[in-house]
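Common to both upcoming complexes is chain A, partnered first by chain B, then by chain C.
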Partner chain A sequence: MASRIALVVVLLLLFAVPALAQQQPYLLHVLILCCLYAIPAVGLNLMLGYTGLVSLGHMAFAGIGAYTFAVLMVDAKMPFWLALVLGVLAAGAGGAAIGAVCLRFRTHFFMIVTLAFGLMLFSVMNNWDDVTRGAAGFPGIPRPAPLGGFSFGPLQNFYYLALGAALVAFAVQWRVARSGFGRVLMALRQDERLARAKGVNAMLYKTAVFALGSAIAGLGGVLHVSFLRVAAPATFSLAESINAVLIVIVGGAGSLAGPALGALVFVGLPEYLRVASEWRLVVFGVLLVLIMLFAPQGLSGLIESAWRRVRR
Partner chain B sequence: MISIRNLRKSYGGIRALAGCDLEIAQPGIYGLIGPNGAGKTTLFDVMTGVTEPDAGKVLFDGRDVTRWPAHRLAAFGVARSFQECRVFPEFSCLENLLFGAREPESEALRLLRLINLDQYAQEPAANLSFGQRRLLEIVATFMARPRVLLLDEPAAGVNPALLELLLQFIRRMYQERPLLFVVVEHNMEFVMALASEIVVMHQGAVLERGTPEAIQASPRVMQAYLG
Partner chain C sequence: MLSAILEQTINGLMAGSVYVLVALGMVLIYGVMHVLNFAHGVLLMVGAYVCHFFFTRVTGSYVLSIALAIIVLCLLGIALERAVFRPLQGNLRNQVIASLGLILAIEHLVIAVWGPNALQMKVPATSALVAVGELRFPVQHLLVIGVTLVVVAILFVFLKTSKFGTAIRATSQDRQAAMVVGIPVERIDWITFGLGTALAALGGALIGPLFLVFPQMGDAPMVKGLAGILLGGMGSVPGAVIGGFIIGVAESLSTLFMPTDYRDSVAFAIMVLILLVWPRGLFGVRVRGED
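After this line comes the complex of A and B, so read on.
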């Protein structure tokens, strides 16, 4: 009951942010980026946290969604929402196809293959000038079309869109974690050989979660480029994929709130450490080491154990 | 029920199975013994789809299941336990039993009572002792309502008190569901007390089979074990 009340309070606060921060567009900007980073992190959490699949090319699937969306909207003049759906589906399909190859490998071999695919996809985004506009990026991507008279042009309105999309991603994650599908994913992470002996078609389940995680990443990618109004390869680079892994691990792999906490730390903290000027990334690095040292289960694990102590 | 025909499997230069033939036509508890490296676990791995053979056939109830993947064999009714004891450590004891189960929760609770683990039903399996985890693993295999049950060294690492409990449990299960059990075991006292027939493997093939008494008296078996 108490955790439900806490959840409602957090949600109310999140919805009240634009009203509370009317004179602080920078805060809204940072919170929108937090949402946009949290969405792909949810997809990766399903793969890494629940299934034990450490993908080092995750943001490349966000890129598939983003560039599909950009081409359909700008070049093919497709309506925003249809292009968004097709972008998400393209990321999911790309995830299923590439996942089917990557998942033939295990452990560090799997990581290397996902890294290689991530680099290949980045290279395509960076060099296929006719379609992706190359390294300079794909400009002219509009903000979302109004929905029921509600325009997403103003920053506070885009915040609601980013928050809504993030909540949808978290709802999907919550539903998966509590489903039979989620139990199988958790079983695969704990002992794949045993799960197979119990009748689990491991390849099928892992491909399904790879596709689902990639589709969620695609949603994040689409909204990210719509927010920035440009699709640039750097948004989907190897460094961003590594960041996504760190967001999941710092937040707490396999926990429902982990991607949100991780994104807050990863996006919010460096911004608010700007007071430390050129030392900010050093301070940030030290903070990350401390989090990993004192919260090996991530921030959500730390909060959970603190919550248990309070309730005793 | 089981027909193994000329099964061969090599790992590099080591021949784990060298033309293994085995026919088991009736339900019962069969002990599979042999010195280390005789090919027992490899035979289990091939029979359960963990490893593909180089040559030969595996038939269950007349159906050729050679090279079927593990999940398909499990769906067909082949269940197994592992030499190194495998449970899902983060799942509770009850969740371990219900994962991939065809039996209802009431049966899971009954089986937990039979092995004195009912008070730990909601406890993560990681918190159990090794012997208790071993019992849990074996009990979980029954939840799939298998046709064939392969137990790989069920007595390994289990203390004498739990061993007696395990023996009683397997006998009881066999009385309730007379299916085909094949038990790989190094604990001779345990396997001789449990099995109605013993199959001895040596150098990747079946050396001898017979009643526990006949096997214990066999000079060929003594020769294989003692060299």
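After this line comes the complex of A and C, so read on.
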């Protein structure tokens, strides 16, 4: 009950932010970035946290969505919402196709192959000048089209779009975690052999979650380039894929709120703590190692155990 | 055409030498501890920076700087094994994620200390040319290949004939059995880790003068070293050597008929294809029942 009240309070606060902080566009900017980082992290959390699939090329799938969206909008002159849906579907389809190859492998080999595909996709984004405009990035992506008279041009309105998309991603995650599908995924993480002996088609379920995770990453990628108004390969590089793993692990892999906590800590905190930018990733790298050594459940694990101690 | 092929082959052998040095370190550590250290490329990069530091600030002797870089990185490797990889032994997921943390921390620490720009390292061997047929190469090219071959030879003799090398091989074949016959496997762990990072440092110190010293210089050698390991057969030491050289030459020759932009992807595509159609590689000794 307490957690439900907390959830409602947090949601109300998030929706009230633009009204409460009218003189602070910077705060809105940071919160939008938090949403944009949290969305792909939700996709990775379904794979890494719930199913135990450590993908080292996650952001490349966000890139598939983002570049599909950019090409459809700018070159094919499609309307924003159609391009958005097609971008998400393209990321999901790419995830299903590449995932089906990657998932023939386990443990180390799965990670290596996801790493290799991530690097190959990055190389395509970086070098296929005719379509992706190459390393300089894909410029001139228009702002989202108004929806029923509500324009997404102003910052606070784009904030509602990013927040809405993040809520959709978290709702999907919540639905999956409570469903039979989600329980099969968790069974696969805990003991794949046992699950298969019980008649689970492991390959089918794992490909499905790879596709779903990639589609959610694609949603994040589409909104990210629509916010920046330029799609750059660096947004979908190996370094960004590592950051996505970091967000999921710091927040707490396999927990519902994990990606939100991780994105707040990774994007939000440094902006306000004014950590010198070159030390920021040093601190996060060390933090990641320390979490693995001493608190593998991440922040949400720490909060939960602290909460339990308080209630006692 | 023929001289272009020769030129690219020598370039490929030179690049391949670095992949071999990285692959050897990773495969030795993988064999003994069953860890894939994704931070191995970053350690190569630190080796190059340490070598650059000693070369430009302290001694001015390239050979001495290489030796010092190897010693420093060996100690760093042992420290990392103690602090990070040993406590996480047996948990593959956590080890890999911790190694990602090490990549972030080390790479950005280097950027914070030395700045993001590439550093030059002017070694006499990069400007002196040597003639091979009609072609001319910097001496450094041949130096990289030669040193790598010598190191590989020494390593093989060490692994095959010395008591210690035998203990390393025994531990990677069967850790439990090695413990039963009284091999101190934990000591083997840290020594192998130190040896592996020392090889990475040598690789970094050797290519530093050729391709500049910069924070991301270890990324490509790490992934391509990995490709070499898979081509040679996961867990096989001779496989890592031959695989590393093949990857280097293949990507170098691919530039003759493909845009150079996609050179890196050649190595990755080879890697995925091998895993799919030929998972045992050249000398497949799939360690410990990976299916």
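Here, the second predicted complex is superposed on the first by the 291 of 312 C-alpha atoms of A that agree within 3 Å, B and C clash if a C-alpha of one lies under 4 Å from a C-alpha of the other, contacts with A are read in each partner's own complex, and residues count from 1 in each chain.
Definition applied: a residue touches a chain if its C-beta (ideal position, glycine included) is under 8 Å from a C-beta of that chain, and two chains touch if they have at least 3 such contacts.
This is a predicted model, so every value here is computed, not measured.
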Contact-wise, after the overlay, does A:Ala187 reach chain B, chain C, both or neither (first, second, both, neither)?
first
In the overlay, answer first, second, both or neither for which of chain B and chain C A:Gln23 touches.
neither
Regarding the shared-chain residue A:Leu288, is it in contact with chain B (first), chain C (second), both, or neither?
second
What is the contact status of A:Arg104 with respect to chain B (first) and chain C (second): first, second, both, or neither?
second
Which partner reaches more residues of chain A, chain B or chain C?
C
Pick one for A:Lys198: touches chain B only (first), chain C only (second), both, or neither.
first
Note which residues of chain A are touching chain B in the complex, please.
183, 186-187, 190-191, 193-202
Sort out for me which residues of chain A touch chain C in the complex.
52, 54, 56, 101, 104-109, 111-113, 115-117, 119-120, 123-124, 126-127, 238, 242, 245-246, 249, 276, 278-282, 284-289, 292-293, 296
Can you tell me which positions in chain C touch chain A when the two form their complex?
36, 38, 84, 87-88, 92-98, 100-109, 111-112, 219, 223, 226-227, 230, 234, 259, 261-262, 264-265, 268-269, 271-272, 275-276, 290-291
For the chain B and chain A complex, residues of the former touching the latter
48-50, 69-71, 74-75, 79-80, 82, 86-91, 95, 99-100, 144
